[in-house]
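Labels A, B, C, D, E, F, G, H, I, J, K and L are assigned to the chains in the order they are written; within every chain, residues are numbered from 1.
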Amino acid sequence: MSEHVYKIVQLVGSSPDSMEDAVQRALARASRTIRNLRWFEVVETRGQVKGGSVAHWQVTLKVGFTLDEDEATDT
Amino acid sequence: MSEHVYKIVQLVGSSPDSMEDAVQRALARASRTIRNLRWFEVVETRGQVKGGSVAHWQVTLKVGFTLDEDEATDT
Amino acid sequence: MSEHVYKIVQLVGSSPDSMEDAVQRALARASRTIRNLRWFEVVETRGQVKGGSVAHWQVTLKVGFTLDEDEATDT
Amino acid sequence: MSEHVYKIVQLVGSSPDSMEDAVQRALARASRTIRNLRWFEVVETRGQVKGGSVAHWQVTLKVGFTLDEDEATDT
Amino acid sequence: MSEHVYKIVQLVGSSPDSMEDAVQRALARASRTIRNLRWFEVVETRGQVKGGSVAHWQVTLKVGFTLDEDEATDT
Amino acid sequence: MSEHVYKIVQLVGSSPDSMEDAVQRALARASRTIRNLRWFEVVETRGQVKGGSVAHWQVTLKVGFTLDEDEATDT
Amino acid sequence: MSEHVYKIVQLVGSSPDSMEDAVQRALARASRTIRNLRWFEVVETRGQVKGGSVAHWQVTLKVGFTLDEDEATDT
Amino acid sequence: MSEHVYKIVQLVGSSPDSMEDAVQRALARASRTIRNLRWFEVVETRGQVKGGSVAHWQVTLKVGFTLDEDEATDT
Amino acid sequence: MSEHVYKIVQLVGSSPDSMEDAVQRALARASRTIRNLRWFEVVETRGQVKGGSVAHWQVTLKVGFTLDEDEATDT
Amino acid sequence: MSEHVYKIVQLVGSSPDSMEDAVQRALARASRTIRNLRWFEVVETRGQVKGGSVAHWQVTLKVGFTLDEDEATDT
Amino acid sequence: MSEHVYKIVQLVGSSPDSMEDAVQRALARASRTIRNLRWFEVVETRGQVKGGSVAHWQVTLKVGFTLDEDEATDT
Amino acid sequence: MSEHVYKIVQLVGSSPDSMEDAVQRALARASRTIRNLRWFEVVETRGQVKGGSVAHWQVTLKVGFTLDEDEATDT
């Protein structure tokens, strides 16, 4: 981290397979509209249960990215 | 929740009447620009006091919504 | 706070000089695109170390602002 | 509280109307099988959103009750 | 908030009717001896249960007020 | 979640293989006696170490389920 | 801990004498109906005051036990 | 607890002997000027070390008491 | 800390200049009526924003002081 | 505390007798290799249960000590 | 756990592959110089993002080990 | 952060002048024996009060550093 300003958004990724995959899906989706994703932090891990086993892993993330010169911060 | 990616934004609703009304006002305002609001969680309940009674209830919410295919996540 | 609805975004300001300067830089950057910044709260104070002293102070803030009539909330 | 031993269970009450009603419904349901409910504590307040307003208030409670002489504690 | 110094006291309001009423009763009682109550924050919500329903809502508040020039702070 | 009342129990699943497997084992065991498991939340992740590597992953879960009409809540 | 599944229940022990005695009383009561109690964790320590001194120490515990093959988990 | 309003103050009791004694000393001191002490909650347990053993146990308490009709709350 | 009993009050200091100055102002104000201030702990750091920069730093403190023989504790 | 730099280490003391004894054993062990132990803080209190009563009290401590001129800090 | 004294150190393991692998690498590194590693607890899960996917999983652990008779505790 | 393993130690820096100076003094002291200090996080800010103003700022830090090939981790 240098003298940049960063913004942090909160996302929930979801996957039938694993916690890691739920994180990757959230990051993949975010990277379609956010440039310069830098780091994430896992905030919460939950899941849906069906028939006695995990139907979806749901991982809530804080994701940080560099604000470019022309990027809005109000979102 | 299925395999979608969700986003969480934090809002403060304010009402002279009740905590429930403060929540409803925040959700009503958010729904003007966000499609697919799904759930909320109360993060903090505060208020302003005037003349020894509550002037405004202020409820801070985390609000989750489904990211559509074409929706930006950087906000 | 009156009957407005407010939004809270999370930012990280960074400065080689002091915690206060890191906060000011984050607010200055945010005010370029957000009208009506009202308050902030310090969430976390970290820093990078180089050669045994602080290279950058990094202060994470929650920043609250009034939502204008025509402002998007999904960001 | 005297020299009794108490047990605490965690419940989620749900109501379309208010937080208070969600609490009352959880307690009413619990009192059908638990004797001697004594106190509760609100742990979390969430809700479902449909069409931009609250569909259900969901209040998570810790509920404490006196263990009678012959009551099981493993549940 | 300007350059004043504020003090925060912790109170528990109690009401058979609702969470909001429990808050109002605590503020009404406090305003009999404290000038310049400004804001409150809900710290905890509990209650007593009798016959399977809520006998009293008990809401713990932090209440902030401006210290006047001649007011004691040790209390 | 509709107007049901839910109950939350706390379990620790254990596995030599992975965090996900520890969760699955706890849910599989719970589903032998609980109908209608709906969701879980990871509360804590710990483990035992033997010979410098992980012998068992131990994941503590909160598991929520719908209370049927005739189900006891005191357990 | 091996590959077992464990359950955690929350109890409040109460004693006029000491924190340790309040814990022991909760465990003694629990062991009348739960086989295989393994560990506890102190969650909260409170007490009742009468005449300016402690009338009862009240210690809230999380207590963990091994689930036997035939034991219910819904309680 | 009935429909009273309660106040909570924070005290630190100190004792060379035990945690329980540190609590009792704080309550004894408080009861010299506060009528109607009702309950306490342990917030923090610390201590001073001298010569490799505990010189003083220091227990921080929240202490709750009923506000009488004529009692000040600003303190 | 010796065998004294201590009391902790919560204050908010406010300054246009820095976090340190906000703390000093709160302590200066408290010392006008409290003898024997001993230590403080920063609980929260917030601020007001005007025109995109910090108008006032607001630092919430817990301040501890020795209770003298004749000092009231109910405040 | 003066202008020294302090270090904090985390220890778990264990005793069959009491929480206080578990703390004393951890400090006694630490003082064999650390000069200038100054204070501790209780972080967690747990225990092992055998035959329905406490086999060992396990108290986790943060222990602070002054760093002497020639003492390593990397440990 | 018997009557031993334990020490807890905090480590960050890092892996391009998974959370489990990040934990294993931290434990493998620690076991090169610490005898008798017993348990760990996951404190935080973060990661670096490059090109829209996880470059490194970073898992912060508390790791507990038995202090041998002749082992230093100041580190 | 790459595939290294990091260690985190907890220090308290102290300064009569400012929070920033207290941090710098802790880092300066640590860098005399630890190679490769990388980052810190402020955990707690306290201070001593004398004559109604701050005598010493005391800032507790978590400090992270890279473990070199030959460095001990048990400290």
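Things worth noting here:
Here, contacts are C-beta pairs under 8 Å (C-beta built on N, C-alpha and C of every residue); 3 or more make two chains touch, one makes a residue touch a chain.
As the structure is a computational prediction, the values presented were derived from the model and not from experiment.
The minimal number of chain-to-chain contact steps leading from subunit H to subunit L is 2. Listed by label, the chains that touch subunit G and also subunit K are F, J. Of all the chains, the one whose CA centre sits at the greatest distance from that of subunit J is B.
Rotation angle for the C-alpha superposition of subunit C on subunit H: 120 degrees, rounded in steps of 5. Two copies of one chain, subunit G and subunit H, touch each other, and the residues they use overlap weakly: the shared fraction of interface numbers falls below half.
For the pair subunit E and subunit K, the distance between C-alpha centroids works out to 44 Å.
Here the spacing of subunit A and subunit D, counted between their Cα centres, is 33 Å. Note on chain placement: the centre of subunit B and the centre of subunit E lie 24 Å apart, centres being C-alpha means. Across the assembly, subunit E contributes 7, 9-10, 19, 30, 32, 48, 71-72, 74-75 as residues in contact with two or more other chains. Applying the touch criterion to all chain pairs gives A-B, A-C, A-F, A-K, B-C, B-D, B-E, C-I, C-L, D-E, D-F, D-G, E-H, E-I, F-G, F-K, G-H, G-J, H-I, H-J, I-L, J-K, J-L, K-L.
Within the complex formed with subunit E, the residues of subunit H that make contact are 1-10, 62, 64, 67, 71-75.
Partner subunit H is touched in their complex by these residues of subunit E: 7, 9-16, 25-26, 29-30, 32-34, 48, 56, 58, 60, 65, 71-72, 74-75.
The part of subunit D that touches subunit E in the complex is made up of residues 19-20, 23-24, 27-28, 30-32, 37-42, 63. Across the interface of their complex, subunit L is touched by residues 18-19, 44-49, 51-54, 57 of subunit C.
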